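Presented sequentially are two complexes of subunit A, the first with subunit B as partner and the second with subunit C.
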Partner chain A sequence: MSATPLLRIEDLRTYFYSRAKQAFIRSVDGVDLDVARGETLGIVGESGSGKSVTMHSALGLITATPGVISGRVVFHDETPRDLLAGLDTSARLERRDDRIMAVEKDNRAWQKQVERNLDGIRGGKIAMIFQNPKAAMNPYETIGAQISEAVRLHTANKSPAEARERALHWLDAVRIDSPRLRYDNYPYGLSGGMCQRAMVAMALAAEPRMLIADEPTTGLDATIQARIVELLEELKTRFGMTMVLISHDIGVIARLSDRIAVMYGGRVLESGPAAMLLEQSEQGHPYTHALLASMPRTQNVKAGGRLPAIEGEVLDTINVPRGCRFRERCQRMHDGIRARCAEQEPELVEVTPGRRVRCWLYQA
Partner chain B sequence: MSRYHQPHDTVSEYSDIRSWRSASLIDRVYVGYGLVVVVLVVLSYLLGMLGWLPSDPDGMDLANMLAGPLTEGHILGTDYLGRDLQTRLIIGIQAYFLPGLLSIVIALALGAALGVLSGYRGGRSEIAVTYVTNLVDALPRLVLMLLVIAAFKPGIYTIMVVLGLTSAPTVAMLVKGKIQMLRQRNFIESAVALGISPARIILKHILWYNCRALLLIQATLGMAEAVLLETSLSYLGFGVQEPTPSWGNMVQAGANYLLQGNFWVSTAPALAILFTVLGFHLLGDGLNNMFEGKRQR
Partner chain C sequence: MASPILEVKGLSKHFAQRRGLLSMFSGTTAGTIPAVDDVSFTLAENETLGLVGESGCGKTTTGKSILKLMPVTAGEIHYRGQNITSLTPGEFRPLRREIQMIFQDLDAALNPKMRIESILHEAIGLREPELDAEGLRRRAYELLDLVNLKKNKLANFPSELSGGEKRRIGIARVLAVRPKLIVADEPTSALDVSIQAQVINLLRDLQDQFGLSYLFISHDLPLVELVSHRVAVMYLGQIVELGMAQRIANAPRHPYTSALWSSLAEKRSQEAVTGTAPAWGVFDFERPSGGCRFAPRCPVYAARGKPAACTDPQNAPHLREIEPGHAVACHFPL
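For the complex of A and B:
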């Protein structure tokens, strides 16, 4: 990564306050990520690992009012711009021994600052697609009108006729057949896969620099999943789109990503080139290895054995234990490092060029 | 080039005005009848305003007092002073038409605003709106109106303002529910991610596209409520005062002649009230089934 990354996330922390439990949930707890121009970064992790919250925080989509976000999210288009700038002035954290004791937050000022930071970025420079596309589109407006709205909002095509032409162009680009007929369809009249295509068209209509796909294939059936993955692959090659792909499906991640970041308990445990992570998983983080081993493969089926599962439960992000977050479920912890694993959390260090792992196994 | 539409039978989840053809017969009858009533009321109101009337509303035909329907010159007969009932019924619409519209506008505007405030912003404003609406709901409406009439001056507009204000909570709760439903389907979140401004999301995508059916239905029910309230208060003598005709005070004035066998003077305005209120209610009911009821079928 020689040039400056398009998006750099530094020490991002997103904490929610749970009224029921009277405690802070540390959904994202110090995440560093780089997304280079033209590359596809896959973020993988199980539910509650903070992968979605990370990108939602970066785009100011976190609305739960007692939520606090800190860190830096620099979007480097022509000039660098910190998407979280100035937020610390409207929220104050009180910490004691690395625990958050209290939060004071001026919600109105916070929200205003978010709007100011993201004006022109959200939807325009960075577009996002969601899982369950039907729920994300306006059910009472035709898909064509919705795409045209995105065109008129973010590009120089201001007249309705021009916007219509552009919208048709994008419908065609996402391989929706007979776009002229589909233009006047309502979301309910489209299949799930078709709707996701329309959603992608809507995101592309703004001609963004970057596309964030949040679980784009979840909730679609297997054949449609494959079609959507093909579509995203095509966007990469045809438009050179920079993408962040969030998924718990490591198969989808493997197909599309240039680089992969593995998240667990609100932190990145490992990041590096996709091929390296997938093929030499035993040289990486034990969690990545276990995750890959639990994937159904032909040789596992042939062997006739049970699919290995990762024992234990997902990390409790309220009472984060001392030491390594994955320690409780780790299979590769040995006596030589056991004490250290329990005592202190390892740093994310480079083990081979481009590959960074957060594990004591590699830090003698 | 031919155009293709989704066959309406397969439209399962959402519907719009286009669903007329797929609506059930009973709903079509409801809405059809309701629309006829609306058109008649609006036309009669305009005729009354322009003064194009069958005869003078205050003119007394002393030769034909308490005449029954289909008397020569008086299709619907005359009252105890020989005044033409048809004319007075038409003029009677003016007693509730504009005031009723006022109460609808207040209920919808305030209700939508409060609904958006609590559903979209959430947090403390939601709690505040919920408390206020519960408080208003708990007050007996008629008592509140009589209080307001006692405190200020008795007037139909005052009453209708109170009606509008007390109807707003219902609208607010419906709008709030709709917004929360939309939020659950991460529709609002994706609109924000698309870079659409909050004002535009609220006005265009939430209120116009997703709440218009609901607001229209509330408007028809609000008008029915307004007619009933105006006539009952006028009947009691708190609303429109004689000699200005209102359906309510016409029923009241005619009631004195019921025992003498002249039931028609009272019955004519009573029937007018019945058919009008029924019309607005059925219109609301039918529209509700067409817009919202699709999902169950």
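For the complex of A and C:
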């Protein structure tokens, strides 16, 4: 990609210290991602793979005291801005063998720096929609008031009357019928699908450059999911919105993404054009292939009605093993590379134009 | 087809809707919500019947009614030819071992203060009270082996297990009482795709091994199509279509089934090209007062110029067989 991406994430690491386990949970462990202007990047992965934490870290939403973030997240608006700048001064890390061994964190200074870094960006230039709309919205305020607030905070429409008009416009844009009536509804008075629409309206009200959708369809009914996917698709075509879509639902990712990144155990294992990743070929990372094959689709069914499951459990991100993270569940590891898989983690290298894979199979 | 292990006839479950605090004492109600309304189906031995529908359509209520976990308003449930609807809890007790349920929320279904060992021993003790400590342990190992779990998990608490492991413990506990019929309520809903496939394979193996019958409740359509022999589609408390899984998925006759299947994100992307996908507005749950319940959302109803038959309260569509083994409740099947 020649043009500068809108958002560039470099070597992002987010660790949480677990007092109970006396160890670091390495939720995100060296992630590099680019989001180009106008494209939709889909991030897939199983639960615990770090896909949400990656984007939450980028937007300073990791507020828990024991959370430590390092790396660079550069947002290229008019001037490039590192959203993680200066955070390292309020956290002191003790490293040994490339591993963080201990941490001291000044949480108040950290929070202040986050506020400074993200001022005008979070909610304004980068808006986010969350998995559980009812929990993400304020239950004590009407949806109209919440959307107007976003309008007044982030756009030039400052008067209450103007803000109300804009809010109604956005409610209409997300296809909520009779927006004037719905304006005065509280979140609990809306169904799940409606509430998700209201949240999309709230995100759009700030007229952002980029939208991050974290599991926007999870927990909704199939028919409602389809509507939300349609809505997001419309945002893409109508407003040319740059989007990051986080989901474990490959169907949703397939429908909306231009590019896909597959995450596992806090790392990107593969990234590339959506169409290329989704065709079930032996190209690409064994994990992507196994993930697609384990989906309940008729063409995946083997003899006796069995699905090709990926044996084993999702990676334990506390005791991350040496070598390749997917090694223990990998079905395509052969004797020629076995020693290397166990010894050293492969780099993310380009195997075909645009497609980058982290696997020794492709690095002879 | 073999003789049915389970036969449900005209099952209804209405929940009373109360208004305000005082009505709780006075007993007056503001009306009833028909969560399940006149549902009938049969389940053969060694068969899997899928029950699909959107949330709130009464899938789980149907499942719980079969286990007599809640009293029914009307209708009969026959288990191996015996009417179990009016049995007292004491009379039903021996049958309860044979009819089991895998619950949706295992964090709620497994006691967090009990170790896996005690959870399993308790269940085994119910079925085989004569076993001594050694026998209990052997049977617990056997069960763990059945669900492909390691023995060292016995000392763990449920909170220390992953989602897939908890699911297996839930299944092992159900198997402990050697059931014949299992109501599986969203058994894979909280699991990742790779783990989901493991659990589905496990359920299938167990069916082959023990000749189990499943009522498989899920809102995940491709999954239901895959695991079920027959599928029943529910809409607002009623079964609108019932037939062989392949037929329901590939040649649905009820407009709702068709809409449900085509709403799958993946399938729709293909259909959007050909333009066959129905265009709907935003809706909430609309419960029409009479006639066909699906009419307000129905593309066929709209396309046919809103025929009066669909909204006539005297003429609600009933499930009728339109071809062998395929029944549909619609005046104008596709």
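Methods note: the second predicted complex is superposed on the first by the 357 of 364 C-alpha atoms of A that agree within 3 Å, B and C clash if a C-alpha of one lies under 4 Å from a C-alpha of the other, contacts with A are read in each partner's own complex, and residues count from 1 in each chain.
Just so we're on the same page, a contact is a pair of C-beta atoms (placed from the backbone, for glycine too) under 8 Å apart; a residue touches a chain by one contact, two chains touch by 3 or more.
Since this is a predicted model, take the numbers as computed values, not measurements.
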May I ask you to decide whether A:Arg327 touches subunit B, subunit C, both, or neither, giving the answer as first, second, both or neither? neither
Determine, under the contact definition given at the top, whether A:Leu153 touches first (subunit B), second (subunit C), both, or neither. first
Where does A:Ala206 make contact in the superposed view: on subunit B (first), on subunit C (second), on both, or on neither? first
Which partner does A:Arg306 reach: the first (subunit B), the second (subunit C), both, or neither? second
Is A:Ala136 touching anything from subunit B or subunit C once the two structures are fitted on A? First, second, both or neither. first
Touching both subunit B and subunit C, residues of subunit A: none
Subunit A residues touching subunit B in their complex are 59, 61, 63, 65, 107, 120-124, 127-128, 130, 132, 134-141, 149-150, 153-154, 181, 184-186, 188-189, 199, 202-203, 206
Complex contacts: residues of subunit B adjacent to subunit A: 3-4, 6, 10-14, 16, 122-123, 184-187, 189-196, 205, 209-210
Please give the residue numbers of subunit C that touch subunit A in the complex, ascending. 54-55, 162-165, 192-198, 200-201, 204, 219-223, 225-227, 249, 259-260, 263-266, 268-269, 280-282, 284-285
For a test of understanding, state which residues of subunit A touch subunit C in their complex under the given definition. 46-47, 175-177, 191, 193-194, 197, 217, 221-227, 229, 248-252, 254-255, 290-291, 294-298, 301, 304-311, 313-314, 329
